[in-house]
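For reference, the structure is listed below as structure tokens.
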Amino acid sequence: MKSEHLLQLENVSKFFPIGGFFSRARMTAVDDVSFALASDRPEIFTIVGESGSGKSTLAKMILGSEAADRGTIRFDGADIGDISSRNAREAFMTKVQPVFQNPFEAFNPLTRIDEYLYATAHRFKGAKSRAEREALADMSLQRVGLSIAEVRGRYSHELSGGQLQRIAVARALIPEPKLIVADEPVSMVDASLRMSIVNLFRELRDALKVSIIYITHDLATAYYIADRVIIMRKGVVVESGEARKVLDNPQHEYSFALKNAILPPDPKRASAILCARQRDRMSG
Amino acid sequence: MFKILRDLLRYNKEFLFGTILILIIVGLIVSSFFSPYDETAIYVVIPDMPPSAEFWFGTTSRGQDVFWQIGASLRNTLLFGIIVAIISRLIALVVGLVSGYIGGRTDQIIMGVNDTLGALPNIPILLLLVFVLRDQMTWSMLAVVAALLGWTHDSRLIRSVALSLRQREFTRHAVFSGMRTSQILIREHLPYVMPIVFFTTMNNLIWAIGLEVTLSILGFSDINRPTIGGMIYWANAHSAMVAGIWWWVAFPMLFVVILFLGLFMLAMSVNEYIDPRSRLARMGA
Amino acid sequence: MQNSLRKAPLTLVENSRDALTIDGLKCYYVNDYFGVRREIRAVDDISLTVSKNEIYGIAGESSSGKTSLIKTLAGAIRPPMRVIGGTVNFNFDGKPIDVYGEPQKMRAARWRHLSYIMQGSMNVLNPVRRVKHAFNDFASRHMGLDQAAFRQRVEAHLARLHLDPHVLEAFPHQLSGGMRQRLTIALATVCEPEFIIADEPTTALDVLVQQDVLALIKEVQTRMQASVIFVTHDMSVHAAITDRLAIMYAGRLAEEGPTQAIFDNPQHPYTAHLIGSLPRIGDTRTRKSLQGKPPALSNPPSGCRFHPRCPIAIDRCSKEVPVMQPSAAGGRVACFRAGEYKIQ
Amino acid sequence: MNGFLIYAGKRFLQFLFVVVTGITLAFLIAHFSPVDPVEQTVSLLTSFGSTDPQSVEILRQSLRELYGTGGPLLDQYFTFWGRVLTGDFGPSLSSFPTPVMTVIGRALPWTVGLLTLATIIAWIIGNLLGALAGYFRNSRLLKLAGIVIMALQPIPTYIIGLSLVILFGFVWPILPISGGAQVNLTPAFSWAFISSVIEHGILPALTLVLVGIGGWFISMRSLVSNIITDDHVVYAELGGVRSSSIFSYYVARNAMLPQVTGLALSLGNVFGGAVIVEFVFNYPGIGKLLISGIYSGDYSLVLGVTTIAIIAVAAAVFVIDVIYPLIDPRVKLG
Amino acid sequence: QDFIAGIPRNETLIIQGTPQQNADWFNVWAPGGGGSANVNGLQQLTTDTFWFINPEGGPDAWQNALATEPPAYNADFTQMTVKLRKGVYWSDGVEFTSDDVVYTVKTQIDHPGMSWSAPFSVNVASVENPDPQTVVFHLKKPNSRFHTLFTVRWNAAWIMPKHVFEKAGDPLAFKNNPPVSLSAYVLQSYDKGGNWTIWKLRDDWQRTSIGMAAKEPPQVKYVVYRAAGNPEARVIEQRNHNLDVINDMAPEGMFAMMRDSKSVASWLKGFPFAHPDPTLPSVLLNTKKPPFDNKDVRWALALMIDIRAVALGSYRGAANLAALATPPTGSAPDDYYAPMQDWLTNFELDTGSRKIKPYDPNISAQIATMVRGQWGDQIPTDPKQLQRTFGFGWWKQDVQAATELLQKAGFKKSGNQWLKPDGTPFTIRLQVEGDAIPTLARAGTVIAQQWSQNGIATKVDVAGPTNGQRLSTGDYEAAIYWSIETWGGHPDLSFFLDSYHSEFIKPLGQIQPPRNLQRWQDPRLDQIIAKNRSIAFDSPDVTKVGQDFLKLAVEEMPMIPLMAYNKFAPFDTTYWTNYPSAENPYSASGPNWSNIRYMVTGLKANPDAPKN
């Protein structure tokens, strides 16, 4: 069944029980979120919001690692809540792939990096022989500006964060997915390498027509690459729309505060913002 | 492998010392294969001789040479302990890793069973079983039973590590990379629990050997087979301690202590060697 | 290891404006794992001074040795870290203290004159004790006050930081990350020391909270006229708070100067790149990223450590180590081609 | 409060599960015992006397009826549960017709007293030394203590006990080596009795302590050496906090929590009896009872002891699970 | 601090008892009471019945206790009349009369499960007491040994206090605490934990049978039965003078005591110090299991044994050898061993290819020579005395003869392993009890080794507490245990012999009543038993019948008698002297023997005892 939506979230909510030892309260990590990605038009869809606003939870639900407590998530028209068999799960994974936050964490330091690439090639592309796997891995690596020769037999500590993150992207690309979910892919990467990842996403969208859900709390990079953005706060989407529009001219007061809290890399303006803040504190 | 050994020997005093102690034990065990006497034979030498040039560790009141007896006893006791340790480690590993990896309800159920078994008082149950099975209770059977009783605590430890590994990003990454569960458990998670496995192996060995001795003393074991417990049993049956035949008890004990000190030092240093943190540091991470 | 240090010539810091003088400081991690000996040169020949009543920033990418430098200053040396050479001298109230020459004095000065906010300082509070005990343990002996008076003092101090007194009765885990961060700042400032060392005090925080904390530090500093060393890799934060800024690269200083000057006119190619690649809202021009990988400190490149990645490197860069020299922008820089690289 | 109750309720269910499974298992094993209590009594009654075969057969028949050891297993099982629930395990077959509970009740205080005390002492000493050894890693004295403890640990309980007997009963006879209190003292809250109990408890307790210290020592030492690298400890050191406070409040206290769990578990295990120690010191406790129960095929007694032991351990786990969130401020309910 | 609180040590005798699981149960007539293995002094010091036999023999072996004379049977042994002593009182002041006896018999018949209920039901048709000092038993069938029910070797049917039990309700559920005593001591106090029980001399001790028999007032005021722990602890306790009488210990412990302690007395003054019990440790062969049903195989096994090694291994040479199927103790050496030496020496065995005379009368002398090296002049040289300590002779190890016997039985040897006629290897599991009787376990390992060396792979099986059961169900091949016990002080063998009759033999798997554990069945044996039943206890023919039995047992070898059960029981003389000994065997001395009361009342305070 072909659907007009690649991904469609309808009123998705997620609750977690919390204690407080003596309470049985539950907290709403994601609250009634709806949005959709078109299947014919690849885009970089950005989710921003402060820490704890439910971004990662949302990402996990899209990836099928967590079940939604309420609402439905459809991928290519099929409810991903219905995926139960191993095969269905595998098929799903060929279409949706993640990129994780911390590249050093995402690769087991005791496992060779290429193993991940080969495993993916083997499992999702049916590559039998070693040569086939290497070829597939290399093809993917080339796309992110690396080659199998640079990666073969290496461990994560032998590579820089930016390289690792690009390898992670390359690995995610091997099954030729339609959607990549990248949860804060640059927050742990050095400033000097950050841009290489962000730029890569742009290229992927344009060259490979992959949609990317880019999750970040960094409004500046969101502004830099996003097509569309939703701003989350305490699980609720407070504002959404075309990225530049929303960020240039935030409507919701939270979005506004968020935007204003950003310190620009410019001593004069930054210290001015800080002084303003200080005054607020004094008075408040 | 050879290089690892060489590194350990050269750069780790504990390992060196532990190796020496264990070599003493191994030497004794190996030499027991060349014993001039059948290990179960009695009255082959003059009884009750104190340690001397001829009988290094003296002789027993049963006319056995303590030296050759210790070799054979250590071999049998250690074999028992090792079998217990290996079987129980395997169970603990499988249960701990799987339970921790799967998590959720399955984990709760597995741990429920785990705790239930753990709450059974070992000694009473074991004594009962030994007693009930008496004839069928060969030492290998006993090893299996002991192994079945001795893993629950350790599987819990392993599980707690596995549980935290499950949360780590590399596990999720491995899943999305299409690695099989067995692969994840064995290749990704196992190295992280190895230090625990090594450490608990030590404790398990001590426990198993203690068990062997306890059962022997209570008269629940095969008296034909020379073991450390068996030696003590026979020493008791001859009132060796009050009769002044101290060497009959002292030397076996000395070697048990040597065995454990050696094992402990080896475990410590090997642990440091295989500890992922130290491994990473060596790899230059 | 302290014995192996040569006794530093007592640099006369008395009456000078300098609160801290570092000279030729070298601090390595020396690991010895089964014959594999590795030296990580996390701090390699660094000299700098910090003035009174100044916020001195240290920036640099991850693993460039910022935390290591700070630990060395604070005398927080734990194996495998080892001070290989150099001196660190504080000047408290006109009383000079050689950190590695006078451990007794140094111990007495802690928290009274010098306090330290560790990296990851959300986790520095004892998880099983109530917060108030931390104040007792750290500060009360410097104050010479009785229990009630001390408590009053602490509460007053907390109030200034907009913290409710009841947090004292809480366990750390009952407080949010922001609150804990503020508490550690309160803890570090309650004795009103003249020198505060802060390592990434805002990194784990929300932007909104981050601003609060920064404002707070600034405020405390201003009131106490204290010197602050402030470490973070976030250039925007440096822009907002520091007076002077040092850029570290692979265990060495690359450049140092007034913050404004560094942002306006970076001299070192690395600095230039760092500043140039910062994304800003409202600006979507494509930015080139720096290629290559940060050097391994266990086996750093010869000469200038940046040369393998430097777009304008010359032969000399790989052979000679550039030393810090006064730069055109009014600071110091360690580059043979200072000021020549401009980002488009 | 609700959440706590639900949590506690869940734990309680688990507790019940443990108890039911454990007791069922013990019941089954005990019933496959090859020793027939009737035969044991018969052979006791006839072993020394001149008894003609015909009378022996009659005796056997009447004992079988008296003990009620016939009947299908399932019936016995349900009867047994009925008894467990009323805390009555029926008559002991080897001390017929005294109820098992009476027999156990006499032995219990001795074992519990001795083991509780010894466990706690071993726990305190082991943890204290372990913590010190972990904290002051360079102290020669503590290293030596570590080695001694390590060397002591693998020695079987029996040998330690016997060595103490020989040492303090024979070579230097200053302590009683057998029994729980002086002969002909009536249990009472008198100094004479209590001091005698203490005196008689020293050697068994010392054995248990020597045997028990090692485990605590090692785990505490490794816990502490991990904790001293924790941020909050490093920070306190940098803050110039006094070493003694760091040791007690920052290091030991944090390391203590898992050890408290361990203590509770070993206290739960107290009811299993210290078989070997009681055997060596002829201590009138429950471990000796268990052995003689097994020997005489008195499965009522064996089951009684085992059941109590199972319940005690399960209860200790339950209590710890329920209390732990209260003693460790960090724990949240999952 | 005193070892015992509140009691003068020098008036106290401390005896090794067993731990009492059921300490406050003093009903010796119900299971669980002190009458069984729970040795706490109850039946040793407070109960009484008609007669005692001193197992050590001697002219005074027969002792009248509550009875004034031996039993009087009618001609066909269907009626027994007993005359009772006058002036015997229960410790609560009630006089003992024939009413008590009648009550005892009737109550037990009425309550199956009581200790002597079964034999009373089987034997007694009715019982009457024409006067307070006379009891007449009418038996269901002739029984010339009925009086042995009331004759104490170790214990016997004790008389119940009618006035107490009448009011007690169910006699099986009655604790009888505190017990009313019919003998010289009463309960003073006891440990609820079962570790000790203290008995006190009655003020009116003269009003008991033992008091009337005593020549002097008993000097032991208090008797403490205490559980003294494991063997090491017992030795230590005695060396610390906290345990006067030890029941049994390993020979090595005994030798160490004799070597190190000045205050120890023993049955024999010199080596081997031990007291031979009237029980006969033997290798029991399960005659219902092939190939042990073959007499030649049994003899072959016997001839493979080198008894010297067994004696050294089990008792360090301190064994009292027995070639005949009766313990060489008490009166047996005079009644049987000495008279039968000639017969033994001339006994011929047909090995199939030749006839041999397997008996070697000098073996015990050889053992004596072997240990003389260590014990020197402690070993007697007088042959007569040697026979009393080391026994007479035994079968000479003769592997060649054994080989011939096995070949005769159709066995073949392959390598060093005998194959049974069906071609399977001949292996044996030799069962021993283990810890409870360590010397026998030790003998077992030696014999197993000898059999193995001679081609029959033998494994020692420790049966522990299942021993009795496995023996009685026939679940064994060979075992070391005793199936023969005697009065010791009397030549009559009915103590065990009666139960050897083929009418009692059960098929394997079913429980064989005590004694004939080897299930030996032989028409000649039945004839001997019938003969013995028909003659009176004191008839001179008893010895003759006994000898017939012993000869048959040698020929058939259904069990291989090894030696007397030598008990190493040291006494501490610090506080008490005049313990019974081989020179002065006035009483049994085992703490669990009821006859020990004669020792307790016969002890003399040591004038050199420490004062307290």
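When the chains are written out, they are named A, B, C, D and E in that same order, and each has its own residue count from 1.
The rule we apply is simple: a residue touches a chain if its C-beta (ideal position, glycine included) is under 8 Å from a C-beta of that chain, and two chains touch if they have at least 3 such contacts.
Only a predicted model underlies this, so the values are computations on that prediction, with no experimental measurement involved.
Among the other chains, the CA centroid farthest from that of chain A is the one of E. This structure's chain pair with the greatest number of C-beta contacts is D-E.
Mean C-alpha position of chain C lies 55 Å from that of chain D. We define each chain's centre as the mean of its Cα atoms; on that basis chain B and chain E are separated by 46 Å.
Spacing of chain A relative to chain C, judged by their CA centroids, is 32 angstrom. Residues of chain B found to touch two or more other chains are 131, 134, 241-242, 284. Looking at chain E, residues 230, 232, 236, 464, 466 sit in touch with two or more other chains. Listed in rising order, the residues of chain B touching chain E in the complex are 40-43, 61-63, 131, 134-135, 219-220, 222-224, 236-245. The part of chain C that touches chain D in the complex is made up of residues 74-76, 78, 107-108, 110-111, 115-116, 118, 120-121, 123-129, 133, 137-138, 171, 173-174.
Put simply, chain D touches chain E in their complex at residues 34-36, 39-41, 43-63, 65-66, 92, 94-98, 103, 106-107, 110, 162, 165-166, 169-170, 173, 177-180, 182-187, 192, 196, 199, 279-282, 284, 288-289, 292, 294-297.
The residues of chain C lying in touch with chain B in their complex are 31-36, 38, 296, 298. Residue ranges of chain E in contact with chain D, taken from their complex: 1-7, 19, 21-25, 30-32, 35-37, 112-113, 115, 117-119, 121-122, 145, 148-149, 153-156, 172-173, 189, 191-196, 198, 224, 226-230, 232-233, 236-237, 239-240, 464-466, 468-469, 472, 485, 494-496, 498-499, 504, 511, 513-514, 592.
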